[in-house]
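In what comes next, chain A is part of two complexes: it sits with chain B in the first one and with chain C in the second one.
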Partner chain A sequence: MIPAHITPINSPIHRVDPRVRFLGGLMLALVLALSSTPIVLLCGLALGIILCLLARLPWIALRPRLFTIATFAVLLLAFLPLEIEPHSTLRLTYHPERVALAATLILKAFSIVLVFTALVSTIEPVTLGHALRHLGCPASIILMLLFTIRYAETLTAEARRMQAAMALRGFRPRLHPRSLLHFGTLAGMLIARSIDRSERIMDAMTCRGFNGTFHLYRHFAFTTRDLVATFLLATAAILLLTLHLLA
Partner chain B sequence: MHLADGILSPPVLVAGTTIAIGSVVLGLRSLDLHHIPRAAVMTAVFFTASFLHVPLGPGQIHFVFSGLAALVLGSAVFPALLIGLFLQAILLGYGGITALGVNLVIMAFPAWLAALPARRRLARASSRSLVIAIGAAVAVASILGSIAIMSLALLLSDPRYRNLLPPVIALHAPLLLMEALATAGATAFLHRVHPELITHSRYPPS
Partner chain C sequence: MSPALSITNLTFGHQPGQPLLERVHLSLQPRDRCILRGSIGSGKSTLLHLAIGLRKPWQGVIRIFDTPLDSPPNLRLARRRAGFLFQEPDDQLFCASVSEDIAFGPLNLGWDRATVHQAVRQTLDRLDISHLENALTHRLSGGEKRLVALAGILAMEPDLLLLDEPTNHLDDQARDKVVNVLRQSSCAMLIATHDPTLAEALSARSLTLNEQTLHERPAPPP
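Now for the complex of A and B:
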């Protein structure tokens, strides 16, 4: 469920404070999302590739993300330039100038995904939760996030066990009404069992003194390396913004 | 259903994010910190359930269960789906991080709206076929609502995106059937074994 291959690598990016990486990634993603100037997007793409190389991201981690964007790119390139003529029903015209629009959107999507994957997806999920709390996210949201990360794995295993039990009894997943109703029962069963599980968790937490306060146990130190990283990321964002305003 | 980064225009992104923040705050207000573990386990259930998939032609298609999530969680569906979408964006690269707010509005808002009257009706429902019909109706309303909001977000961003609407809507057609039947099955099951879960006026039923 939670891809492990992204996390435990030691690279210049991985050593930077997660708070800096999250804010930097968000800032760069916003600048790139707001700009549609080709030169800015090309610089963004180059920056994304550099960051991915710096983070020593394995191809296997990057491939599914790029594949998602590529599917979207095919959809854009196939349908955006086509237009049904206003006065006839089934005549399609092709607008070559819209290929440029599609290309801009694709470039934008690729550059944002590369930058964000390199900077933020390399943060281990639990650490990211702590970093977000230190950045001032509400405690309740972070607690829910950490619980979801913790139980996603457990519940996936449970869902797999239930699916195996169904398969042993001859169930085959298909796009068929009866099969879909059974999927519903599977989801309902997962919910019903998880209610009992959550009662047990709640009891265990109460026994250990949980009174509704969420204590952070991981703290980050802002070192000189982080200062340099902040400076570099901020410079990159400002440069992209300046390029956008000049062009 | 997940919009990628970079397609939506800045005003649409700002509007979507603002509505999303407002609805998450509304959702969190209904949860005191003491009840969060229970809501969080439910969030994990829906994150997991959205990975159940059905083979379709050469590929496969996965469930969304936004209607079911809203039936069980009430207004806590907003923080729950926010976390689900955030994790999907961070861990798997589904859906853009800048479009997170818009994607949350697309997924959670119609589901929440559809589940409100449904929970009240389910409290009084006794026949199994009525329960199944309500479950299916919630799922259909959520998916249709999501498609409508998504189309609106695309059209408001750039009128030229109207070309994209027919293929996007066509891609969501099998989802409509899947969600309707699976949500109906789950609703019928839960109505039998944990009726308080989907009929209580607010989450969690204390």
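Now for the complex of A and C:
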């Protein structure tokens, strides 16, 4: 997910129903993943760039993702055309025709990442959980997702506090059996505290009437804007699919 | 009128053969306010946990508005009328956003969406925290967490409040806010606290948990 503090919340993409954005992103990603036709992938890349511009994504939000893909692209271009000759351990042969394959894979990766970043990563994790539940995802999975969002930071803070307490009492991590033992104790304590916490949370839930059904508070309204967005995203996916079939 | 909370001849301990509470009796009438004091480890939190049915007593009967806490259906019935505030707000705020957390109880009570929405807004207004409606619970400050946790139980419109250290770790401003909300509430209250001024602020009677049982303290001057 893209942290909320570096993304706008009022772009044309942000105003669209999260369910439409998720399904649209999934549909486009599927078409792009299945196609190896350069024209389709180039159109997908252009679409990804347009969607990112519409979502008003700042460069700082895109940079880490694109940098990761670029690293992968360099490795792919460097190693995919090489092949170790059969029955020889050291002789490498260069296959220039595989550069096209590497380029196809790179185009695919960039276009899918751009489309998914613009449409799905801009949804707040909590909202995405609700949207997925409304789309029919099993309640237990959504509950786990929402609890992870809620408690990941609390548990990380707890681990940091324990590490700081160790450091303040002179602990310096080294590759030493005693150091490893302390790290083991830290992990064990964190698990034990998390189990205790989970029991207390269950108590708190029961006290407020929880009987196994997790009711969703947030509901989405499907407006004309969402209908237009659905139409546009579906048209884009159908056009890409038609291009793929024609090529 | 039936008492909001009645505890008769309660005995309980965490270790077999070592009772923490012995032959405890308590009766709390509707609208009664009662402060529970005692040293650390005296069993204040345990008594509150027993009073909401999170622990089973070794001996004795606990009733919330005449409903004995002896079976799961009775527990569900009793908890519809009693709100419990945990000592650690992070344990109570399990939903990702503030509005969702406040709506959790009312939704479980089977209220319709419009009523739940109205209850959430009203409770937020009542505690003067409307600006936190869409905030994420793990990003709140300690005082805000405490207020949102209180909002979560007040939204269920309980008749009995069991509060475990409601003013712990609060700055003066947040403490005054909590005290004001409690003062304006018409619920019966049993509050475990170390805050020496809370009994006076709420004009509540004071009980001390000492040597495994409850002792009445003289009421504070009006």
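Here is the rule we go by: the second predicted complex is superposed on the first by the 220 of 247 C-alpha atoms of A that agree within 3 Å, B and C clash if a C-alpha of one lies under 4 Å from a C-alpha of the other, contacts with A are read in each partner's own complex, and residues count from 1 in each chain.
The definition used in the following text is that a residue touches a chain if its C-beta (ideal position, glycine included) is under 8 Å from a C-beta of that chain, and two chains touch if they have at least 3 such contacts.
As the structure is a computational prediction, the values presented were derived from the model and not from experiment.
K.L.:
Are chain B and chain C a fit on chain A, or do they clash, once the structures share the same frame?
P.N.:
fit
K.L.:
After lining up the shared chain so the two structures overlap, which partner does A:V126 touch, if you call chain B first and chain C second: first, second, both or neither?
P.N.:
Touch partner of A:V126: chain C, not chain B.
K.L.:
Could you read off the angle at the CA centre of chain A, spanning the centres of chain B and chain C, to the nearest 10°?
P.N.:
80
K.L.:
For A:M205, is the partner it touches chain B (first), chain C (second), both, or none of the two (neither)?
P.N.:
A:M205: touches chain B and chain C.
K.L.:
Is A:I149 in contact with chain B, with chain C, with both, or with neither (first, second, both, neither)?
P.N.:
both
K.L.:
Per the overlay, which chain contacts more chain A residues, chain B or chain C?
P.N.:
B
K.L.:
With the two complexes superposed on chain A, say which partner A:H219 touches: chain B (first), chain C (second), both, or neither.
P.N.:
A:H219 sits against chain C, while chain B stays out of touch.
K.L.:
Once the shared chain is lined up, is A:R197 touching chain B (first), chain C (second), both, or neither of them?
P.N.:
both
K.L.:
After the superposition on A, what does A:A164 contact: first (chain B), second (chain C), both or neither?
P.N.:
Neither: A:A164 stays clear of chain B and chain C.
K.L.:
Looking at the overlay, does A:L135 come into contact with chain B only (first), chain C only (second), both, or neither?
P.N.:
neither
K.L.:
May I ask you to decide whether A:L82 touches chain B, chain C, both, or neither, giving the answer as first, second, both or neither?
P.N.:
first
K.L.:
With both complexes overlaid on chain A, what's the closest CA-to-CA approach of chain B to chain C, in Å?
P.N.:
In the combined three-chain model, chain B comes within 9 Å of chain C at the C-alpha level.
K.L.:
Overlap the chain B and chain C contact sets on chain A and report the shared residues.
P.N.:
125, 146-147, 149-151, 154, 197, 201, 205, 211, 213
K.L.:
Looking at the complex, which residues from chain B come into contact with chain A?
P.N.:
Residues of chain B touching chain A: 4-7, 10, 13, 24, 28, 31-34, 36-45, 47-49, 51-56, 61, 63, 65, 68, 72, 79-80, 82-84, 86-87, 90-94, 96-98, 135, 160-161, 163-164, 166-168, 174, 177-178, 181-190, 193-194, 197.
K.L.:
Mind listing the chain A positions that touch chain C in their complex?
P.N.:
125-126, 129, 146-147, 149-151, 153-154, 197, 200-201, 203-211, 213, 215, 217-219
K.L.:
Can you list the chain A residues touching chain B in their complex?
P.N.:
For chain A paired with chain B, touching residues are 1-3, 25-26, 29-30, 32-34, 64-65, 68-69, 72, 75-76, 78-83, 98, 101, 105, 108-109, 112-113, 116-117, 120-121, 125, 128, 138-141, 143-152, 154-156, 159, 163, 173-175, 177, 179-192, 194-195, 197-199, 201-202, 205, 211-214.
K.L.:
Using the touch rule from the top, collect the residues of chain C that touch chain A in their complex.
P.N.:
49, 52, 54, 76, 79-80, 83-84, 86, 88, 90-97, 99-100, 103-105, 107-109, 113, 116, 120, 136-138, 152-153, 156
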